[in-house]
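What follows is a pair of complexes built around subunit A, which joins subunit B in one and subunit C in the other.
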Partner chain A sequence: MPQNPLIVFDLCGAYGMFRKFYTNSSSLSYPFPPRTTVAGLIAGMMGYERDEYAEDLGLERCHIALSVRVPVRRVMQQVNYLMTEGHVWTGGAGGFDGSKGPIQVPLEWIFPEVGYRELRYRIYVTHEDRRWLESLREVLESGAPVYPPYLGMSECPGRVEHVASTEDWSLGRRGEELPISTVLPASALSGPPRLGAGTQIVKERTPLALDERRRLIAAGDLLYNRAGPHITARLESEVFEVSYQESHEYGVFMQ
Partner chain B sequence: MIESIYQIGRALLEESGGGRRAVLESLAAAPPRNRKGESYITILKLNSRKPSLSVELRELSVRGNDAARYLWLGNASGSNPQDRLTSDNLGYLISQNIPNLLEEQRIDPESALYKKLKILVQKLYLDLGEPKEIGVKGGGAYQRNRRLWDLSRLGIKGSSREDLRAEIRGGTKPKNVPQRVVKALRERFPEIPESGVLFTIELDGELLIDDPAYHEYLERRFVDSAFTGDEEGRCHLSGEYGPVTTDMTRFRFKYFITDKSGFASGATKKGFVSNFSLSKEAYRALLVGERFVGRELGFGFAGARGYMIPDLYTVEIPRGFPEALVRTLRSIRNRTLFDIGRVQAGELDEELEEFREEHLASGYMINLLFYKQKQAKFEVLRLIQDIPSYRLEELRAQGFETGRLWEELYGDEARDLTLQQIYYLIPVRKVRKPDGKVEYLNKKILAFYHTLISGGLIDRKELTDGFMELARAYRFGNTGSYQVSAPKEGMEDLTLVRYLAQTNLLLAFLRDLDQLKEEEVSQEYLERLSLDEAEKEYLKRLGYDEQQAALYLLGALVAEIANAQWRLGPEGRGGEKTILNKINYQGMTLPRVQRLATELFDKLRQYRYTDRSGERRPLLQGRNEAIFAQAQELLTRNQRVWRLTPSENVYYLLSGYSHRTFRAMTAREKQPA
Partner chain C sequence: MAIHDGDILYLYDAKLTNPNGDPDDENRPRMDEATGRNLVSDVRLKRYLRDYWLDAGEDIWVRRTEQDETTSSKQRMSVLLSDYNRDNGANLNERQARQSREFKDWLLRRLRDVRLFGATMPMENTSVTFTGPVQFSWGYSLHRVEINNSATISSHFAGRENEYGTFGKDWRVHYSLLAFYGIVSKSRARHTGLTDEDLTALDEAMVRAIPQQATTRSKIGQTPRLYLRVEYEDGSALRLGDVREDLVLTPQDGKTLDTLRDIRDFSLGYDRVLERVRAVEDSIVRTRLWAHPELGDAFECGLQERLGDRLETF
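This part shows the complex of A and B:
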């Protein structure tokens, strides 16, 4: 991968819902947006159409990492859906016209932990095409995304804040134990992570990339520390090291 | 959660070598048990050369997965044809199962098993004949039950073909016909238990379930038949590319609805492949994992049934000795049951506990899934996800710590507060269904546990409202509508008093955990009060503010009067505590509390006690007088800013009554006779 800039931005919002792929009726949520959601978010901000971005934001060309900056809590709530029968696009046959009436479905929302005002996810992106990165930076700096950002569902409006676009980063293999700020692909570990007091590591199986027909290309297990900002571990995959503003961080791209 | 089940299933398959028989054994269901918790299998031993039948009874171990040996995978579900060679329904086994296996090439017609079964049907079965021959409708029920064992060929007395046909003509339902044969068999072999028993067939010394052709059929039935489409894609669990299915109907846990296209990607049926699809390997692992969870990791709690599903994310499952995974999971279950208070320290399985300490120190996560089973419908009541192993241990340890308070405040033996005991402190209504079964409306308490375990805040007011609901049930003898038992006769007052004391313990427990949502209160006022140490300690430890303390003090005076009334009974005890009738358990407004205070003043003057010198004195003097004055002062000072609800007023009043009464009772019990 050429050493192009690393763009860092935050996705913030009051609440979110990132549906787990194996739940639809009673929908559980991931605690953070999976890579496919982040890719969709970036594509939306840059003005891609629904089925156009699979290649540009695919695993080969675009590298995305994510860090959970505000601890999250989960809240289950009933929401009203419409019952659908038969062909859902057909009106009058119990499609989306509401003639079959409503149905209450439990939905899991993600809220910031008590004491925090809003959710905040830090996203790190780099791309093999420098011009592509330039246009993403422009969108972020202008504060005028083509499609508005949201946290998983259109019912959860969000906003993005550009944090940095930096060349001061590197990617490589490291032998030592490192505090990793981002969610961590389980496949990247070369041994069990260090489990200090209070560490709460959660494993989430998430989709990583979809094709243009929105079918799964890759999925993976991601580890995240619910109780703190880092997972300390020794890794066998490549780690990025980045400095921006006052921060110096280590991270791993989701792939 | 699905990841955990997949992980368990995959590890089990890996451990067993993953052969077909091993997969099937992993799918074994829990055998039925009798009331004593025992399970048996009855081997029906048939001899085809000289048709005869004998039976052998074998006990199935409760701990082991013995039913797997006999491939007990449950009966076919719903309207599917019954096709199992091990069943818990003898009626199925002696009628439809074997003929069904011979139909539609279920068993390979070239196999030895097919030939054996065919001969068995020819030699042993009778056919009641075409429906028109006996003048009945040829519906599914008749067709399913028309072929069954002819006991006379085995030298056993039973109904003949003509008898059975006559019965059907006479109106006996076809589905009841196999029961005639079952009855005759049970009469001939009285050693077959009434309940908790499985049945399987041995033909000429060989168990039919051991035949590879049967294994092949079962695998096709359980796994392959879900992959009939030509759909290809990437498996969401294993990540492999190849044939996939979206058919989730055979899973017990409903991960995904595939019959409502409104839920599919693009809202079309084909969109389900994008949502969630499984390869054969993942499908098999999920089936195996799910069965294992059902068999080994179930538990009952808070009036609900649940599964504890561990996520062994970093645990290197100790290998090198047999059943390592099973032992790992059992040890997690063992510990979790202890942590939630379902078993006490003395009942812990020490061997499993040692195993856990040795191998699982690095931690794991637990998912607690509570569900309701209505026939085939599996309804999730509550899923508490990703509980770190130490969280439940923390709650258990804090419950033990807070339990010491019982001794400090009430002078009684210290007691643990466990999640299990908390169940009896929060009202859970129960309803009797038309079929006579009792259903517990436990969604609220499960939500409470969810918040508690996840470290969320619990509202004090909502809790006290709940406490009052159960206090009313105790007071007015309406415990039948709740999860708690009725007090023993003569123990009604003590039960209520003890209950209220326990609710105080729960509040203290939540406060110790920093999980009680309440305002910060200043307790400087305590310095100005002249109370005895026990009372001060109580108000301090339970964090009462001025308003709560005022009510507590009035409650303590209620206890004094009630005690005096109790002593007016025959032999100086057992008198009726009529003062309690002045309390409205539905709730009392502040003016109503103030009126009660006036009444208490009168009663304190009216009732007397005997002092040490034997003189009768009114209650209103000394300490009681001081308490009354201080309660009035606190009431008056706060009346313009009163924030407690009528229900809370009564709760704190009763807490005073409970504290003083309970202390008096325990002190009396401790007095030497």
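This part shows the complex of A and C:
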């Protein structure tokens, strides 16, 4: 069976906010969009509604990897949200309109490191349905997504840039140590990653997939190197190898 | 007129004032400490717009408690529902209203801020979230901003019986030229029933709201400087995007970028923005521009040259 293409595109913007799923009152952010956010982004650009894309972008049918191209930093700000406790229809409760006053919530933004114009994440997508990939490629090439791209929240409008759609890639198990450009599922490692000078590996527990009612159905630990472009490690799981333009990269899908 | 996808660039400046305090930091102006840039939330910007429309007699969904004493005592939705029943000769109860498509459409027709910026509204068994077709990023200053030394102020609060004041800090920025990026989404406009008239109202409010609304002690001293809204051909590939980093500030008269105190202390260069406009020119259907007289007409002339009658000024 011929292999379906791998689509590579960048998500860019001034700043982002990728809310951690296990925080409550404080809104903390992942340093990169988790798989669920990327799935929602792709679905929105292709014109799916909120409750329509769980299956097409689920773990079974769609494979997504992500690489952090611009180093990030965090900026904490306290914001005023509306207190909406209770329900606006019932006696004495609710406040979707601001009637219960504001509530102050610490909010963590992701900004590009000083000296960079904007955040940049590279996203790699493949799918079991070749026609689906073709329509994603058309959306990316036309530059006119149905719903506009965001970096996590609607206050973070961004843009996408189509980088490549390539058949020049392969997926398989590899015995040797490889520099992995993407964020890396902790479960993919067969041993500790190489810790060179300056390597700063961070582990983030992120959501991986939601069901059609937007309930969490899978989560996983992802590793990323805050200080550099890749993590060098020997891997147990399948690794993809892709060539496009001047790049030759190794990556692992988020699953 | 049909709604198109669009981009918005908006600049205003703040002089010896506090554009947006951080409630967790003594209400100090919001700062990105690593770059020295001043920040303003999208919520702050939209509050000016909503207050402006409220003052103009429009109904607005998101209010402040003190603006309408009835909101907290009676339920706001119940007030709206009785208006709906009266206007339409209907007799829906709350349960029926929650399931009524007509009531939802009526609400959207009535509430401009929801059509523009979206809202979470109680409907059916739960709440419905409308994502607004118009979204603003947080604004940031295009230069490093200095915060003045906090003058300690003392104030007497009503109802206090003793003669002692309360000490507080009064943080202000010396000068901050703030830039916001916004978008308009035609697909989202369909969901909230956004009209072209709403966008025209937005254009005007962006220019008028701050002078009219920012009149309290900590907010006075803010002036809109530039507003640009671009509309794109449907299905077109090219977009201007966020061009805030393409604006170039050049200090004048021995000033440096770190010591700006006034709009007259620098010139604003648009060449890179105009280059971007040239690159996406074929996608542009219409552009609406307002510029403060103190900024001069360089930008308008540059746009005029490229866009001709696709440029409207107001």
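The definition used in the following text is that the second predicted complex is superposed on the first by the 245 of 255 C-alpha atoms of A that agree within 3 Å, B and C clash if a C-alpha of one lies under 4 Å from a C-alpha of the other, contacts with A are read in each partner's own complex, and residues count from 1 in each chain.
We adopt the following convention: a contact is a pair of C-beta atoms (placed from the backbone, for glycine too) under 8 Å apart; a residue touches a chain by one contact, two chains touch by 3 or more.
Since the model is a prediction, treat every value here as computed from it, not as a measurement.
Trainee: Please work out whether A:173 is in contact with subunit B alone, subunit C alone, both, or neither, and reply first, second, both or neither.
Mentor: Touch partners of A:173: none, neither subunit B nor subunit C.
Trainee: Of the two partner chains, subunit B (first) and subunit C (second), which one does A:73 touch, if any: first, second, both, or neither?
Mentor: both
Trainee: Regarding the shared-chain residue A:23, is it in contact with subunit B (first), subunit C (second), both, or neither?
Mentor: Touch partner of A:23: subunit B, not subunit C.
Trainee: A:130 contacts which: subunit B (first), subunit C (second), both, neither?
Mentor: A:130 contacts neither subunit B nor subunit C.
Trainee: Once chain A of both complexes is superposed, is A:157 in touch with subunit B (first), subunit C (second), both, or neither?
Mentor: After superposition on chain A, A:157 lies in contact with subunit C alone.
Trainee: In the overlay, answer first, second, both or neither for which of subunit B and subunit C A:114 touches.
Mentor: In the superposed model, A:114 contacts both subunit B and subunit C.
Trainee: Kindly classify A:248 by the partners it touches after superposition: subunit B alone (first), subunit C alone (second), both, or neither?
Mentor: It touches nothing on subunit B or subunit C.
Trainee: Using the superposition described at the top, list the residues of subunit A that contact subunit B and also contact subunit C.
Mentor: 73, 82, 84, 87-89, 96, 114
Trainee: With touch defined as at the start, can you tell me which subunit B residues reach subunit A in the complex?
Mentor: 1-3, 233-234, 236-237, 239, 254-257, 260-263, 265-268, 273-277, 311, 313-314, 316, 362-363, 365, 380, 383, 385-386, 388, 450, 454, 456-457
Trainee: In their shared complex, at which residues does subunit C touch subunit A?
Mentor: 5, 22-25, 30, 32-35, 39, 41-43, 61-65, 68, 71-72, 75-78, 94, 98, 118-122, 127, 131-132, 135-138, 140, 181-183, 185, 187-188, 232, 234-239, 241-242, 244-245
Trainee: Which of the residues in subunit A end up touching subunit B in this complex?
Mentor: Within the complex, subunit A touches subunit B at residues 21-26, 28, 73-74, 76, 81-85, 87-89, 96, 114, 186, 192-193, 195, 199-205, 207, 210, 213-221, 223, 226.
Trainee: Name, in rising order, each residue of subunit A that touches subunit C in their complex.
Mentor: Counting only subunit A, the residues touching subunit C are 13-15, 47, 73, 75, 77-80, 82, 84, 87-91, 94, 96-101, 104, 106, 109, 111, 114, 117-118, 141-144, 146-148, 150, 154-157, 159.
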